Each structure stands twice: as structure tokens, then as C-alpha cells.
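Labels A, B and C are assigned to the chains in the order they are written; within every chain, residues are numbered from 1.
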Amino acid sequence: MRRSGPNDGDFSGRYRAPRVLVPPGVAEEEQKLQESVLRSFGSRAGRPAGLERFEQMVLRPSDFVGDGPLVGTFCNFVPEEIVEAAGAVPVRLCTGSIVAQSIAEQVLPRDACPVARASFGAVVGGLGMAPHVKALVLPAACDAKRRLGELLRDHVPVIALSIPGRSDHRTELGYWLSELGRLAQKLAEITGRTPTRARLRDAIMRRRAVQDAFRELERARRDSPHVLTGSDLAMVAAASFHADPLRWADACGQLAAEVREAGRDGPLTDGAIPLVMTGAPLLWPAWKLYRVIEEVGASVVADTLCSATQRLYDPVQVDDWSRSGMMRALALRYFSASLCPCFVDSTAHADRVIELAREWQAAGVVAHNLRLCQLFQIQSARLRHILRDEGIPFLAIDTELGPEDVEQIRVRVEAFLEMVKEQGRTQ
Amino acid sequence: MITAGIDVGSVATKAVVLRDGELAGKALLRTGAEPRTVARRAYLSALTDAGLDECELPSVVTGYGRVTAQMGGRTVTEILSAARGAYAVAPHADGVIDLGGQDTKVIRLGPEGVVTDFAMNDKCAAGTGRFVELMGSALGTDLDGLGDLAAGATEAVRINSTCAVFAESEVVSLIARGVSRSEIAAGLFAAIASRVTALAAQVGEAGCYAFVGGGARSRALRSALEAALGKQMVVPAHPQYVVALGAALVASKD
Amino acid sequence: MRPIGTVRWVVQILAFCLIIYGGYVFRGSLGKGILRPLEAPDGSYSTTRLPRSSIAWAPGDKPAMDFYPPGGACRFNPGGGLFKACIIHMVSENLTWQTPLKYLTVYLFLFVLLAFLVGRAWCGWVCPLGTMGDLLNALRRRFYVDRVNFSQGFRKTLRICSYAILLPTLAVSAAIGTPTFSPYQCYLFLPYCQICPGRLLCPLFGGRSSTVADFTNGVTSFFTIASWIVLGLFVAAFFLGRRIWCHLCPIGLVTSWFNRGCPTELRKDPLKCNQCAACSDACPMGLDHVAREKEATVLNDAGCILCLRCVDACPREDCLSLTFAGKRLLRSKYEATH
């Protein structure tokens, strides 16, 4: 991996980052963890065969990643089209692995965001696709991510992306564009390829295939609601972190066709109580919440998670195909459309949760909060009152990545389902 | 109709026999590390207490150990059971506060005792029986002793720590500073009450709360809660058995 | 990719051809005898006797019908055009002629009726000057030239300038109708038309040209230079800035008074909006309120020309829609590109 120079602009190299001892065998441990999580979901009769391809994409990402130099990203704020236009392949390195998290404990405090710890541990521990990336784009969207850049720069060149506190495009667009311009320039220095107008256009059109396929899958799920579970959909989304977009879109299109075929008589989730999930990213393989929800007889039918639907839903709407027009469209899609709680106004987020709950006739909303993240915690506290006024049942689950509180989660989810059943909110 | 309800709590297992809507027999045993055997023994004990021979009544198991207890039959969460039980013994209450061995729960009830919202604190011990035990031993007494101490206090010292472990060391340092045990005890109850109040705020204020669980046996806790919430508390007879009673009621509805 | 946009192009081209060439086709025959035509009183100026002889207005020209809609329905269209003239021409002319109000009422009423029913949709779908401008914009897009974006402050300033054009036009037109100032009619008749880009552009489509330069005296020189500047700005504004010009147009200003409260409404379901601002990016008038609005459901605004590019751009199902008298006609939906 290329190290950054002494001062690459974003971080001064004067002080070296602490050394991290990577215990031997972590890669194997990680693989075992992922396989055991997959197994814990059990097999079910009639599960669409197309899902296997997505499982392979998640478990063996290097087989499906695109050709070219890899650039790691944290978070949903990095416009992947710019990375691609610079001739690189974006891979999202956010993870929920407790194996990775334990590596981070040598350096990061116990009270740091679990996702930050896990993702940091993955990079320094060389897990997943992290060892192969030439650079890492790190949006400073939250406190933890702000502090990780200087700790990671000794392992991989880090490009920081500044995220302002307001998402009002009228005042912030200029700033976003300057950050994206800077990103494009820095990537060009690394790959040697400038994101020209033609390359940006190709990248945007290619990525549109991803959103088109995801919408197609959404339509198929609406027509045949009892075929895919929430964890299935999350698997589809998790596969998009690394897989080449066209291959992913192709697999997604095929899955949509399969789901439609299976029709309304899917034997698996029939009777599963529909829930909307919101809150902090539920990153693979920390999927205990999905598992508990499905074990007690519910399923997540819609979500606002940046690890799932939010990653794939909004298209880049280009009005003007000049280079500045495309950059503007990217800035709007990646910043203005974002529902991240790092922005001061979360009205759009509450609206989306309510809209989804109504559209999918959900019995209630479950908020997945990471205990150490104030952004999601405070947003969730506010959402509770908003949803109460709307008459939508709400359950907040405050948790971390590890499995130690599965039973506590189970009793809450079970009690929540008992409650909504009694209120007559189930189909 | 005769049914049974077993509440396998983390600290104590309670069993209740319900005959035609009336409490016919009850039993309480410490859960320890063997929920399965203890659940069975508690059930049999309750049968005896009800004057019945050993038989298989329709029963529902609830509580922390409901799955491990494996008594067959239906399981429901202790939230639902607490709601049912509280509605049966205190029909005019629209809130339930359950201070248990290792967790605290606040449940909001709507018309007909339907659960409209709930909040639980089982991550940390503050307010639970565990917490009280720990604090009690720091002051050299138990829950009842703490209550007596607190009753004699003119004012309550402010306990800042929300964590049981830190609260214990805070108590120890307060003792070392010469603060009277009465004031500390009163402060502990005030701290518990404020934690419960925060939990109650999450689910929306009720008009009147049913106070159940092991903690309800303490007058001092009840007064502290009433003072903090500014609301009336109804403490049913046998508050520790209300959850098991609720489970038995669920069994009778099936 | 943009279904409404495609229909709009078709409507714009058809309207353009109809309005510009309608004079040749219908030759004064439409609606003849229904409305009392407005004519200059003896001794007063008319377009046959403009301060500068405008060979764009040939003696045989007969506009197809007596009606004075909003912009682009230029008196100087070849053959006289489909319509007699635009509303500002009519008001200016008749203020100078001091035509009795009772003869004007019908025309004013018809204009108000049109404006009330469709608001500024005329600007977005029909106005030939707007269509010309949109073609210039298309040229820019063809060569991937970056567009210029204007701030809200700038747009507000333009609207104020629009008043600063309209009000003096009316004042001067009324003034030169009075006996005191009527000697100045030879210089100041139809003051707005003298600088309007329509006078210079519209005749070109019939292969004619209007008087481009007249340096006979100080006043005519002033108007000559002014009309060049205005034309230059018109072309630059439309080429680089989409419809920014329409914030300045005084006819658009008058029509915009009817935008709020008109039965043609741009509606939004705020719950469905995540403020992605694709609508704002697509808006040729550069309006932001469609993206930012999170409470109201009716989005009619003085600056909105109802071109519906926002509805095409919005990727959320049923978020934006066009309604008429409450009945939904068009809605936003996700357009797959693959």
C-alpha cells in the first residue's frame, strides 16, 4: 500500500500514527464470522436462487470487483461516479465486523462509534478489500470519521471530504462543488486519469443501471411482497459495496424477475409483520437485528438505512450534460438528497420514514441506533415524538455490533410485535 | 377455568395459579442458574399452594428465561404480561412501572389495558433490584433497611452516578465524607426515581401508575416515585406476582 | 427521458409556427366582426407611421385575429402574425390614442381570462421569444458549454427592473397621448416596442428585417443603441442562462400577477420529497422554492412559467404534479434509463 507523503494537504505527517499489532489469523477469523452469520439465517424452502449470487458477492468480494485500481470509501457521501471517472474502482469499506473492531481497540477508545472502530480495524488489519486499495476517501461527516483520517494516513493515502452542517443547496452547493472538484483532482493525481466530461458521463450512465435495477426490484417486491425478507434485501444492498455495478445490476434484474415469478404465494414471509427500519447503518456482518426480527415473525420491508436502500435509491438526475452540470447533479444527489443526521434539519428524514410506513403499510417503525452515536440517538429521540403524533408505533433499539444483547433485543422486538398486533395494525 | 402463569425472572421465578379470575396459589423461588428446573418447581409449588394435585394446566411462561425454561406452550414477553396483570388488579391505571431484579420497565396503557408504548432499561442496573442490593450492602443493610433509613432523612443527598458500579463508589466516598446514611439512602431512592421518570417520559405521561415487581414492596421507593412523577401510584397486593398473574390471564384467554 | 419535455417542445414549435406565420395563413379572417378593432384616431401615430419607418410592417399585412395575448405575439411578425399584437403593445398604443375604456374592456378581459386560467404557462409553452431562447439554450447544451447560474438576489433585482421597464412605458405612452406632449409621438410612440428584441427578431422569420439602425437624431439614436444592447443581452441571457431573461420581461411580469390563485397549479406532496433539488437544477427560471418547500402543497410562484421541467426531473413517484382545478393531469415518476 502506498503511504502518503509527509504533508499531503489534508493531514500533516509530522506525527506517526500508533502502531497496530495485527494478530495472526484475523482474515480466517473474519471469514468464519461471516459464514456463521450467513448460516444463522438458516435456509428456507423457496428462497429465490438469485440470492446466492449476492451472497457470493458479499463473502468473496474480490471475485466480483471491477478492473482497475481500487479506491476505498467510507460512508455514502463519496460520489462513486467521480472515482470511476478517474479510472478507479470504488469499494465501500464500512463494516460491522467485531473481528475488525477488536483490532481497533488497541488504538481507539472504547467509547468511539462501533462502526468507526470496525471500519478502522478492517483497514489497519487488512481485512476484506482494504489491503488492495490505493487510497481512501473519508468524508468528515461525523465526529468519529473526522478523527480517523490522521490515524489511517500511515496505512493508506487518505483524502478527506468536508461535509458542511447544512444541506440547503441554495447556500451549500458551491462548497460541495469545490470539495468534489478537489476530490476529482486528488484522485487524478493518484490514478493519472482526469475525470473528463466523457468519463463522468459514462460513469453516471453506468451507475444509473444500479438505481434502475434497484427500482425494478422494488416494483417486483411490491407486486410480490412475500418472497424476499428484509435480510435478503440487505444482502442485495451489501453486495453493492464491492461488486462491479453492471454485474450487480444484472444480478438484481434477474432477481427481480424471479421475485415476480414467485408471485404472491411466497411461503416464507407470509404472515411476517412488515416493519420499516431507520437509523444507523446495519453493516454486514453485524446483522443480529435482522435475524431477531425475522425469528420473531416480522420482516423489514422498507428502510432508510445508508447501508441498504439509501445507498441505491436516489438517481443522479443530470439536467445539463456539461462537466459542471454533471458535477452539480452529483453534488445534489450525494449531499442534498442525503438523509444523514449529520445535517441540522432532519425533516426530510422524518417525512421519508412516515411515507415509507404508509406506502408499505408497515405495522411500525424500528430505529436501529448505535449506542455511541449522538447524531442517530438524538434524531431517534425526536422521531419518537413525531411518530407518536402520526400514530405510528415506534421502537428504538440501542445497541452495538456484538451479539451480547441479542436476548434484550429479542424481548423488545417481541413486545413491540405483541403491542402492534393488539392494536390491530397487522395485515 | 384454571390456568397457570410462570414468570422466569433473572433473579426470582414466580408462579401463579388462577382460578376463575382469582389468584388461587402462588410460589416464588430464586432462579439461580437452572431456569428450567426452577420453573417446573415453582409451578408445582404454586399448584400445591392452590390445593391442587400435580396436573398439566394450560399455562403461559414469561420473563427473561421464558425460552430457556422450555415448559412447552406459549410464551409471551413480560411487557404484555405486566400490562395484563396490572389491568386486572388496577383497571384505572394507565401506566405500569415494573422495577424488577435486573431491569426496569415503564408501560403505557390505552383503553382496555392495551399496550400503547413501552420502555425498558436492562442495559444498566440503575433502579433494579441488583442496584438496590449493591447499594444496600454498601450501607450494610437491605431494601427494607434502606427504606427505614430513608424515612428518617430530612434531606436527600444528590447521587450523580447513573451507573451502579460508579454509584457504589460514590456511596462509599459519601460515607467517608461523613454524610449520614439516612441522607444517602434517601438520595439513592431519589436517583432511582429520577431514572424511572426519564424512562416514563419516553412513553408519555400517564395519569395513574400501577407499581409492580419486587421494587414495589418498598414504601420508600413508592414515595420517591410519587414525589418524582407527581402522580399517584397504585401498589397491588402481591406486586411481585403481577407479571405471572398476567401470564396466567393470557393463558385463560387462549 | 423527459416525456413532458418532449411534448413541450412539440407544443412550442407548433405555437411558434402558428404565431409567427399565422398572419400569412389566415389573413385577418379569424374572429372577424366579433370584436371591435382598435384603430388610431385621425392624426395620431400608428404602426404605419412609426418614428422610424419599419419596413417589417408592410401595407398588406393583416394579423389573423384581434386578440392581444402575452409575449411574443408581436405586431412585427411576418404577415402581421396570428395575433394583432402583444398586450403591452395594445396598452401602450391605446394609452397614447386615449381610446375610451369601454372599447378596451373586452380585450383586457380576454387577456385576464387567459392569464387567470393558465398563469405564466404561456411563457413556458407558447411564447415565441421564449421558444427562440430555448433553441439558443439547446445550442449551448449541444456544445456542452457550462451554463451560468444566477442568485436569488439577482433574480429579484431583475423583477424590480421589470417594473422599472413596465411603469415608465405606461407613463410615457399615456403622456404622449395628451395634447401637451403629443408632438413627441414621433419619437416616443410605442416606447417598449422600440427596444423589444421581438421587433428585431420576429420579422426575420418572414425574410424581412425591421429598422435596425436609425441615427437621425438623439432620441432615435438612443433607442437604436438601446435596442442593440437589449438584443445582445437577450441572446447572451438565453444562450448562457436558460430563462433568466423571463424574469425581466414586463409582459411576463403582468401575467405573473395571475400565477397565484390560478386553477393551473403545480402541486407537491412534501412527505415524498427528500429535497434532492433535482427540480431546482432543472428549473430554467432558477427557482429554489420547489425543492425547499416542506409545508405548503401548492407551489405557484410569480417566477414559475409552468414549463414542468421540475416534474420531469423529480425522481419520486407522485411528488410533483400538475393539476387543473384540483384534477391531476401530470405527475412525477421515476424514469429508468436502461
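Rule of thumb we're sticking to: a contact is a pair of C-beta atoms (placed from the backbone, for glycine too) under 8 Å apart; a residue touches a chain by one contact, two chains touch by 3 or more.
Just so we're clear, the structure is a prediction, and the values are computed from it rather than from any experiment.
S.K.: Show me the overlap between the contact partners of subunit B and those of subunit C.
M.R.: Correct list: A.
S.K.: Which chain pair shares more contacting C-beta pairs: A-C, or A-B?
M.R.: When the contacts at A-C and A-B are counted, A-C has more.
S.K.: Mind checking the centre-to-centre distance between subunit B and subunit C? Centres are C-alpha means, answer in whole Å.
M.R.: Distance between chain centres: 76 Å.
S.K.: Once you find the CA centre of subunit A and the CA centre of subunit C, what distance in Å lies between them?
M.R.: 48
S.K.: Where the centres are mean C-alpha positions, what is the separation of subunit A from subunit B, in Å?
M.R.: That gives a centre separation of 40 Å.
S.K.: Which of the residues in subunit A come into contact with subunit C in the complex?
M.R.: Going by the criterion above, the answer is residues 167-170, 197, 205, 208-209, 212-213, 215-216, 249, 314-315, 317, 319-325, 328-329, 332-333, 336-337, 339, 347-348, 351-352, 354-355.
S.K.: Quick one: in the complex, what on subunit C touches subunit A?
M.R.: Residues 141, 144-147, 152, 270-278, 280-282, 288, 291-292, 294, 309, 313, 315, 334, 336-338.
S.K.: Touching residues of subunit A toward subunit B in the complex: what are they?
M.R.: Interface residues on subunit A, with respect to subunit B: 384, 388, 393-394, 398, 405, 407-408, 411-412, 414-416, 418-419, 422-423.
S.K.: State the interface residues of subunit B toward subunit A in the complex, per the touch definition above.
M.R.: Per the touch definition, subunit B meets subunit A at residues 64, 76-80, 114-118, 120, 122-123, 202, 204.
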